[in-house]
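Next, two complexes with chain A in common: one pairs it with chain B, the other with chain C.
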Partner chain A sequence: MSNVILKVEHLCKSFSKDGERIEAVRDVSFELRRGECVGLIGESGSGKSTVANLIAGLETADSGRIVMNGTDLLDRKDRAGVRACRSKLQMIFQNPRLSFNPAMTIGQGIEEAVRYYQRIPAKQRHGMMLERLRQVGLPETYADKKAAQLSGGECQRAAIARALMANPDLLLCDEITSALDVSVQAQVMALLMDIRRTSDMSMLFISHDIALVSMLCDRLLVMYKGVIVEDGATADIIHNSQNDYTRNLIASVFTADEATMDRWQKERDNANG
Partner chain B sequence: MSELLSIQQLNIAYNDIPTVKDVSLAVGENQIIGIVGESGSGKSTLIRAVIGLLGREGRITSGSIVFQGKHLETMTPGQLRDVRGGEIAMIFQQPESSFDPIRTIGDQFCETMKLHERATRADALSRAGAILRGLGFDDPARVLRSYPFELSGGMCQRAAIAVGMACRPRLLLADEPTSALDVTVQAETVRTLMKLREDSGTSILLVTHNMGVIAYMADRVGVMYKGRIVEWGTRQDILLHAAHDYTRALISAIPKLGEPFVPPKRYEGRDEENAVKVQLSPTHWVLGEATA
Partner chain C sequence: MMKQPAIRPARIRRDTVKARLIIFGILAALLILCSLFSEYLTPYDPYLQDLSNAKAAPSAQHIFGTDRYGRDMLSRVIVGSRTSIFSTLLLVAVITVIGTVIGVFCGWHGGKIDTVLMRISDMFLAFPGLVFALAVAGVLGGGLHNAIFALAAISWPKYARIARSQTLSQKETPYLRAARLSGSGTVKILAKHILPNIIGPILVTSMLDIGTMMMELAGLSFLGLGAKPPIAEWGSMMSENRALMTTVPWITMAPGLAIFVSVMIFNLLGDTVRDYADPRARQLCPGKAGFAKGKTGDGSNRRFEARHRGGR
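Showing the complex of A and B:
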C-alpha cells in the first residue's frame, strides 16, 4: 500500500461575487503521507479554507483531482467507494459550537459521527463515545450536556472527540484554535500532539498563526491568492524561505523572546533620540 | 510622570459574583499599559468599567476610577456619555461591531464629532480625512464613502481606531484589538496604534491575550488571573523575568516560531485573597505569600 494518503492535483475553484469572478484556488497540487502533519498557512482570503472544504466535499471543485487512499473523491460513478473513503476523513472547525446540534447532547453529537457510516450496536457505540471523551480529557458526565453549556476549549475538545470517533485516516483542522485564548489553545495543541504520537493519522492543519503551525507540523504549504507559493520542511520555510511573500508573513509574527525585545527596545530608544 | 487614569482598589461583580477583585493601577500620560490573562480573568470587565459599559448585570461594588481628577464610577450615564468617545475612546475585538452597518464610515465620523465638538459636517469630514491619512490610508475619501462591510477586517479595525481618535482622546481603551485579525493585518494595526501614541501622545490601556503584541507595545504589563492582578512590571520584567507561576504558565503557552512544541505548564490556581504584594524591583511586583 502506498504511503501517500492524500494526493491533490491541479485543483481549481472559483466563485462569483458581485458579478466578479474570484479564483479562490488556482492549480493547487500537493501530497500528504501517512502520519504526516502538514500546515497550510496564509492570510485571510488566500484560499486555504477553500482547499480544506474541497477535500472534505463541502464544496465542489471546478477541476482537478483529489485522491485519498487510492480513491478519486471526485469520481461520481464510484459512489460506494467515495462514501467508504469519506468515512475516514474528518474535519474540525474554528467554532466548535457550530459543529454540534444545539438540541442534542454532546454524547449524541459525538455518536453521530459514525451513525451514518457504520452499523454499530447502540451500547457499543455509547461505550466508544465515552472512551473518546476520556481520550480528549473530558469527564463522562459531559456526554449529557449540550454544546452551549461547555466553554470554548471544552467544546473544541468535544469536537475532536467527535472527529476521532470515526477513526479517521485524515483529519482536516481549519483554524481550530483561533477562537481560543493562549492557555486553552496550548492545551488543545497538547491533545493533538498526543493523538499524533499514538496514531498514524495524517493531519492538514490550517491556521494563520504561523508560530503555532511551525511547532506542530513537519511540513508547511504557504498559500497566497489561491496559489501555493512554497512547499517545504518547516525549518526550511521558517529560517530559509526563498519566497518574498513567505518572508513577509514570517516577519509579521510578533515574538516575545529576549533578542526580539532587545531589538525593539533599541529601535524605540533611537526613535526617542 | 503624571497620572491620567487611576484605578484604586476596584471591585466589580457580575450578578453578585466577584469578577474583578481589588485592582489598582495607574495609566500615565503617553503610556501604554497592557493587561494580559486568559478568558474569564476579568480583563475585559476591568476596561469596560472605565467607561461604564458593564451592562445591567455588572456593578462596581467598591473602589474608584479617577480620570483627570474626575470620578468616573459615580457619574450618571449622561455625564459618562460626554466622556465616552470624547476624552476616552474605545475599540473592540470585532471592528465591524463598533460601526452601524447601514451608514458610511464618514457619517459615523460626523456623528462622533457633532456629538462631542459640535463640528460641522464639512469640518468633520476634512478632519476625518486627515486622521485617516495620518494612519496610513492611501485613499481616505474612498474609506469615508464606504460602508463597514465594504472594508476588509484590518481596514475596518484601523477605521475604528481613526473614529476613536476623532475627538483627540487622551486615553484609548483597546479590548483585544488584534485578536480577530490575521498576522499581517495584526502587525499593521499594532503599528497604527504605536504611531498614534507617537503623533498625539494618546495613552492606551490594552487588553489582549497576545503576548507578542504586549512585548512590542506595552510600557507596563499587568497579569490578571481570576479577577486579580497577580504580577505587574515592565514588559521585560514580565516576559523575561516572570515571578508568578501563573505568568510562567501563560508564557509557556505562547507558540514560539520554529521551535518544537512543549506541553504548557498547568497552573492550578490558589486563592490569592490573603496574598501580599512583594516588590521585586522598583518596577516589578508579584502577589505572593507574606514572608515574615
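Showing the complex of A and C:
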C-alpha cells in the first residue's frame, strides 16, 4: 500500500445563498501521508470546514477527486468500496455537547461508531467502548451518562473516544478546541498528541488558532478564500512564509514579548497619572 | 390548571407534578379499562327497551334513570364510553402518526415537496376547525368513521408543523453528522436519532388534544354527523334526548356528565404530562444544571421564553 492515505485533487464546491454563488472551495489539492498530522488554517469563511465536510462525505463536491487508501470516495459505482473506506474515517466536531445524541447515553453514542460498519458482538463492543473511555481519561461510569451531564471538555474527550472506536486511518478535527476554555483546550491537545505518539493515524487538524496547530502538526496548509495559498512544513511557514496573507495571519496572533509588556505597563501608568 | 409559583423549590414542584401524573394517569387508565370491559360492567342490557318503565327518574335500580324507550341510562353511558373514548384515542393516534410522518419527512427532505405539503397544511389551518369538519362530514355523510376522518383531516397539520420544525432544529446538529459518519442510513437516522429527540412535544400535544377531540367528536355526533342511534355514543345520546331536556333532564345529564368527567381527566393528564416533559422542569431537577446554565444557541433562551409564557 502506498504511503499516501488521502489525496485531494482539484476539489471545488460552491453554494448558492440568496441567489448569490459563493465559491467556498476552489481547486484545492493536497496529500496526506500515513501518520502525518496536517494543520489546515485560515480565517473563518475561508472554506476549511467545507473541505473537511467534503472529505467526510457530509457534503457533495461539485468537482474534483478525493482518494483515500486508493479508493475514490466520490465514485458512485463502487459503493461497497467507498463504504469500507469511509469506515476508516472519523471526524470530531466543534460543539462537543451537540456531538452526542441527547436521547442516548455516551456509551451508546460511542458504540454507534462501529455498530453499522462491523459485526462485533455486543459484549465485545461494550468492552471496546470502556477501553476507549479509559484511553481518553474518562471513568467507565460515564458510559451511562448523557451528554447534558458532562462538561464541554468531557464531551469532547468522549467524542475523541468515539472517533478512536472505529480505529480510523484518518481523523478530521474540525475546530475541536474552539468551544472549550483554555485549560481544557490544553488537556484535549495533550490527549491528541498522546494519541499521535501511540498510533499511526493521520490527522487533518482544522483550526484558526495557529499556536495550537503549530504545537501538533508537522505540516501546514493555509487557506484563504477557498484556495490553499501555502503548503509546507510548520516551522517554514511560521518563520519564513512567502505569502503575504500567511504573514498577516501569523502576525495577528497575540504574542507579547517583554518589550511590549513594558510598553503597556508604561501606558497604563501614564493613564493612571 | 394550577399555576405554580416560580420560586418554589425545584424538588417540591417536581414531586407534585409526579404525584399529579400518577393520579391522573390512574384515572385515565381506569376510564380506558372501563370502556374496554364495558360489556361486563353494565347492570342492564343497554339496548333492551322497556316501554312500561320509560323516562323513569333516577332510583336505586336505575341510577341515571331510563330514557324514552326505557333503556337503562347507566348501562348506555358505560357502553357509550367504548365508542366515545376509543374513537377519540384512535383519532388522536392517527393524526399524531400521520402528522409526525409528514412533518419529519418535510423537515428532513426539504425542497419542493416540503413547500407543497406545507402549503396544503396551511390551507387546512386556514379554515375554522369544527366548521370544516362539519363540511367534510356533511359531504361524506354521517357515521362514526366519516366523523373521525373529518376530524383527522383538519387536525394533522398541527402535528406536521411541530414535527417539521423540530426536525429542522435537529437536522444540522453534529451528532447527526457523526451518525452519518458511522454509516447510519436515512431510516436509521430518522428512527434512532431524530424521532427520540422530537417525540416529546408531539406526545404532549397529542395528550392535550385527547380532550378537545373527544368534545369535537361528541359535537359532531350531537349534530347527527357522527355515531348514529341506536349505537350508544355520548354525543348522539344527548342529541337523542334533547327534546326531553325540560321534562326529564337526567337523561341528557348522564352522557353530559360522562363527557365532562372524561374530558376533564384527559385534559388534566395532558397538562401534567406537559409539565412533566417541560425542559425547564428537567433543567431544575436536583443535581443537574441550574437556571442560568446555557450557552449561545443551546436552547437556554427558548427555555427562558417558555418560562415567561407559562411553560407552553
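Definition applied: the second predicted complex is superposed on the first by the 255 of 273 C-alpha atoms of A that agree within 3 Å, B and C clash if a C-alpha of one lies under 4 Å from a C-alpha of the other, contacts with A are read in each partner's own complex, and residues count from 1 in each chain.
Please note the rule applied: contacts are C-beta pairs under 8 Å (C-beta built on N, C-alpha and C of every residue); 3 or more make two chains touch, one makes a residue touch a chain.
Owing to the predicted nature of the structure, the values given are computational and were not obtained by experimental measurement.
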{"item": "Fit or clash between chain C and chain B when superposed on chain A", "value": "fit"}
{"item": "Which superposed partner A:A186 touches (first chain B, second chain C, both, neither)", "value": "first"}
{"item": "Contacts of A:L216 with chain B and chain C, given as first, second, both or neither", "value": "first"}
{"item": "More chain A residues in contact - chain B or chain C", "value": "B"}
{"item": "Contacts of A:R86 with chain B and chain C, given as first, second, both or neither", "value": "second"}
{"item": "Degrees between the directions from chain A toward chain B and toward chain C, using C-alpha centres, nearest 10", "value": "80"}
{"item": "Contacts of A:I250 with chain B and chain C, given as first, second, both or neither", "value": "first"}
{"item": "Smallest separation in angstrom, by C-alpha atoms, between chain B and chain C in the superposition", "value": "7"}
{"item": "Footprint overlap on chain A, comparing chain B with chain C", "value": "none"}
{"item": "Touching residues (chain side chain B, partner chain A) in the complex", "value": "38-39, 152-153, 182-187, 190, 198, 209-216, 235-236, 239-240, 249-261, 263-264"}
{"item": "Touch list for chain C against partner chain A, complex", "value": "173-175, 177-184, 188, 192-193, 196-197, 288-289, 295, 298"}
{"item": "In the complex with chain C, residue positions of chain A that touch it", "value": "56-58, 83, 86-87, 89-91, 93-95, 97-104, 109, 112-117, 148-149, 159, 162, 166"}
{"item": "Of all residues in chain A, those that touch chain B in their complex", "value": "43-45, 151-152, 181-187, 189-190, 193, 208-212, 214-216, 234-235, 238-239, 248-250, 252-258, 260-261, 264-265, 271"}
